[in-house]
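Got a structure for you, questions after.
Letters are used for the chains, namely A, B, C and D, taken in the order the chains are written, and counting of residues starts over at 1 for each.
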């Protein structure tokens, strides 16, 4: 029983962290139809910033600064690497995203010297708590609630504010929205800002829980978060969150299966198999809308 | 028609290139005292070999991404299949126990090369002939296995739209890697351990009885195989099927309306591209002298994709050119960026380990953003263009 | 536009060729190049990862060689004094970058090669050295296949099967362990090899082994650790690379796992040690060298690290001595012995000479068997002192002799 | 049509196409007799192109039957979720028979070729290649014979035929130009030439005169008649230019909101009150 609880606990917390990244993917894809391959690496860079900033500044100052700098990074990436390619084929933008991801990983290798870096322990979050006989970190308990809170705030933003309305309009029809006088570039920037801010929060939670950061740390969570976004139906925020929790939980359950089956190595492969199955049988995901191509 | 005549200069060019490679490889033993760069062990030849291998993979990816408009990121996965097929089939049976030491030998207790040695004898010319034949057949089988898996996976995923296809094939490659690393399949794949001991490029060097190399062919062989494969791809691109692929790339709906069976042609392109990626994977295994699933990561696919972009999506010669530049820069010319450099007492700033890759990725971003056509766009280097230039003068 | 690129590329080409030209002196015909090449310099190639997963270990190994080089920068051969120059090539921790790094060293006319940390890269680079007739001395590549089938590869460390044997015996002797949980990275020959040998020995002794593999770039180990706990394992054996080890230790600490960990030589690293500080973890690692084994070496290298900021960074920001550093140090001296025995910087002569070299290094005495492996029958076991954040010597452990 | 003695090339029966809750084509039934020029007209958004897409296999109709040369080529009835939300008629009529839903290339192979409302030429290919690709479908070859040039005779035949076709269409002087570099009128003509290269018996033209001036439109009318004679074609077209429609059509179907509102020879249709209303909108103010 204890064991089951511990597996579910880590599943929920992993899922929550994926959810925060997945929202960034789903928002960007909803609007630009771009798989932002660099998003996972932005998440990794946010983690590194956390390390370098807390080394010289107090936590209360450095954490907000991490979020701000990550937002700046996300915004800059959009302006420099994606905006010039607005009229180019979708493939070019995706290649540009892969290029940015490559650049961020290589720069991180250069800066850290390829050494795994240790994330600082954050008071309270890093503290341990005993839950039904299983010891765990506070961050594990807090993550799902924080995610829910952020998602609620985000849905208010998207459904009740003018910016949110513009975002919805742009994701429905890019060209018409432009004709209707929506400033596309600002909307896209806002999207990237929200996505990056959430990735920064995600990085704080994730790396508090799993404190070693290598330049490749962002790639896997990034890809999985993308799968979660597809699973939930791309463009749908609740979909992405539910998808992320499901994937997080499935993954930890697979890892937790009896060793004699020797299937725990397939926890990542499972995510991708799920992706292929979803794409083939229900390409619009759980909550996405089916789109028909106009001929 | 006129078209067929254009192949004559192209063939002459390829033959000349191959002869040049043989000459280059052996020049240090013919003319002593040349700069060390011509030594058979110099980085020049390592780079040439790797570039030859990569250019095949890049061209195969270009066939899919550039000529058929299918954005697949599964290239590393198909290379993995090719590499393992080749390795498993050619490791001499006598060495299998040593290589598969964790698993008490391999489930496939035979080797194609051994099989032919049984027929033609293992020494002298018979041995050489057996090895060449065995390697060739293993290479073809490597391609076939990759092509077969492409056929299987293509059935569900080729119906997907561009970026979904990309992510699904990427996922497929990751799944393959996990399977090939699985310890339970160890008797076949050697689990996490690398498979080694199979014939590599150096096995093609002609040696005398005491093992001294007389004629080096270790760079020539990858060039020869790659040239043949690329020639096949070019012939395909210039055939009726190649035109149909390009029609799909330009406008899928129109292609279908004009009678191009969309799914069949997409599958065809995917299988052919994967076949050559499989052969490329086998050549890669020959280049690194081992096969290990760890090497075939998505980073490798990205690297090849970036080569294709640098060379120009839709240009075969661009891909080849870009591969040689890319490999030479990343593995040889730019290596100096990785070590500290002093001019007198002045220490050049920034230079330390990892800087090479940073510079490299910045250059790639510049190309992607500002020179999105790549080196060649969708044009080709051809003798025709050459002649045109002459006529203008 | 195309022209600009063309010009740019040509520019880079010319510049870099020039750079290559200036750094590598024009050489030499075939055989006696080592001595002819640099005049009075003998070059030793350092084939180590300084980027990629194993960068941390590779850098520490280089550190040992650099320190040794600063201590003894010359060698006297045949009455003439030669300067020793270390030529470093980064093999990027990956098998596809290793061959070109290897030929980079070959191209720079080194007389022999030291390295690498990690067996995979050594196996990938090995054929290049063999082809060039260049001997390589593996420092901490522990996979049996590195030297098997390659006449030119030697090594000064023990092998995986020996190490696994030692640890399995230690687990039985110290903890009377009946049940062991093994965790390794999927697709990593080092991890999986050790787990396999450990299982053999442990099961032969009547124990039970449960093993799991995690996928590359995995971060969440809590499921695995909880599983070990719920299965009632007596020891957890984690022969994983440094980044994962660090992650596992951190997570184990927060789970209050209460089971002793056994680690292989890779865990003998400051970063792992740091992760155990102020926790109640029990970590035991087998290693090549224990700090305190040679006072002069300890003192010397600490001074070297503390006086050199680059060295400090390479060592992870403190002056704790890693075993791989000691191994790098010993490897350098073995190389010097080989050069002396060969009587020149000629690579063929050196290759011939290596198998006869005997050297009492800081990590013990070193000699080679017919395969080219070091003859070793002991390993050091040390434990992490969680209060002080240092390693404490546990015992010298012998294998069961399988 | 009353005259049943004629062979019917294309027969559309009870075709309904529903997207979600929107019925684009509603219970459409019409006949296209062989060797005739038949027009399908209607206001914007009436469902004309959707009807074409159902015929050519781009969409699978929700319900209905389409026959070509007397053989059923498309047949479907609402099933599963569609059955519950189905808003059209005759849902049970085809339920007993097997469904048929060929892909567009299979339809083309049967002998139905089409052009597009918004020109869809292959932009990176030359005029010559654009037509040559359309020959690919009927070539006797496989990927091996094509790659190893075992199909040289077939390839030569394809090239010769393409060249002949271009000459007939007066496009031969542009043959090495990029298709998209042609003037608009010629691009339309090239699209038709490309469709002809598939050896069709029925040609579907989707607004062939869109964007043309009156002079060009007039020429187009002659051109359509000419190719009908030359290639023994049946033509089914969608058009907005009433001059053109009235000029060349033998018979006209009018649809609005997916349903047929009128049919007849040009004169009948021209004077039909419902057609005029549909095009001009009901003058509600006047009616009050």
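The rule we apply is simple: contacts are C-beta pairs under 8 Å (C-beta built on N, C-alpha and C of every residue); 3 or more make two chains touch, one makes a residue touch a chain.
Values in this document were obtained by computation on a predicted structure and should not be read as measured data.
Asks: Please report the smallest number of touch steps linking chain B to chain C.
Replies: Contact-graph shortest path, chain B to chain C, evaluates to 1.
Asks: Determine the set of chains touching chain A that also touch chain C.
Replies: B
Asks: Among the chains here, which has the CA centroid at the largest distance from chain A's centroid?
Replies: D
Asks: Hey, which chain is the most central one here, using CA centres?
Replies: B
Asks: Express in whole angstrom the distance between the two chain centres, defined as the mean CA positions of chain A and chain D.
Replies: Result: the chain centres lie 47 Å from each other.
Asks: Chain A to chain B: how many Å between their CA centres?
Replies: 34
Asks: I'd like the Å distance between the centres of chain C and chain D, where a centre is the mean of that chain's Cα atoms.
Replies: 71
Asks: How many angstrom between the C-alpha centroids of chain D and chain B?
Replies: 45
Asks: Counting only residues that touch at least 2 other chains, which ones in chain C make the list?
Replies: Within chain C, the residues that touch at least two other chains are 50-51, 55, 186, 213, 215.
Asks: For chain D, what residues touch not just one other chain but two or more?
Replies: In chain D, 58, 116 touch at least two other chains.
Asks: Can you list every residue of chain B that touches 2 or more other chains, as numbers and ranges?
Replies: Within chain B, residues 178, 181-183, 253, 353-354, 357 contact more than one other chain.
Asks: Using the touch definition from the top, list the residues of chain B that touch chain D in their complex.
Replies: 1, 4, 232, 235-236, 239-241, 243-244, 246-247, 249-251, 253-263, 268, 272, 314, 378
Asks: What does chain C use to touch chain B in their complex?
Replies: 1-2, 5, 9, 12-13, 16-17, 19-21, 23-24, 26-30, 50-51, 55, 88-90, 94-100, 102-104, 106-107, 109, 120, 123-124, 126-128, 131-132, 143-145, 148-149, 184-189, 191-193, 196, 213, 215-216
Asks: Of all residues in chain A, which touch chain B in the complex?
Replies: 33-35, 80-81, 84-85, 88, 90-92, 94-96, 98-103, 106-107, 109-110, 113-114, 219, 223, 226-227, 230, 262, 265-266, 268-269, 271-273, 275-276, 279-280, 283, 295
Asks: Contact residues on chain A for chain C in the complex?
Replies: Result: residues 2-3, 6-7, 10, 14, 109, 113-116, 118, 126, 128, 134-137, 206, 209-212, 214, 216-217, 219-221, 251-252, 255-256, 259-260, 262, 264-269 of chain A touch chain C.
Asks: Using the touch definition from the top, list the residues of chain D that touch chain B in their complex.
Replies: Per the touch definition, chain D meets chain B at residues 56, 58, 103-106, 108-109, 113-114, 116, 120-125, 129, 132-139, 141, 143, 146-149, 151, 155-156, 158-159, 194-195, 197-198.
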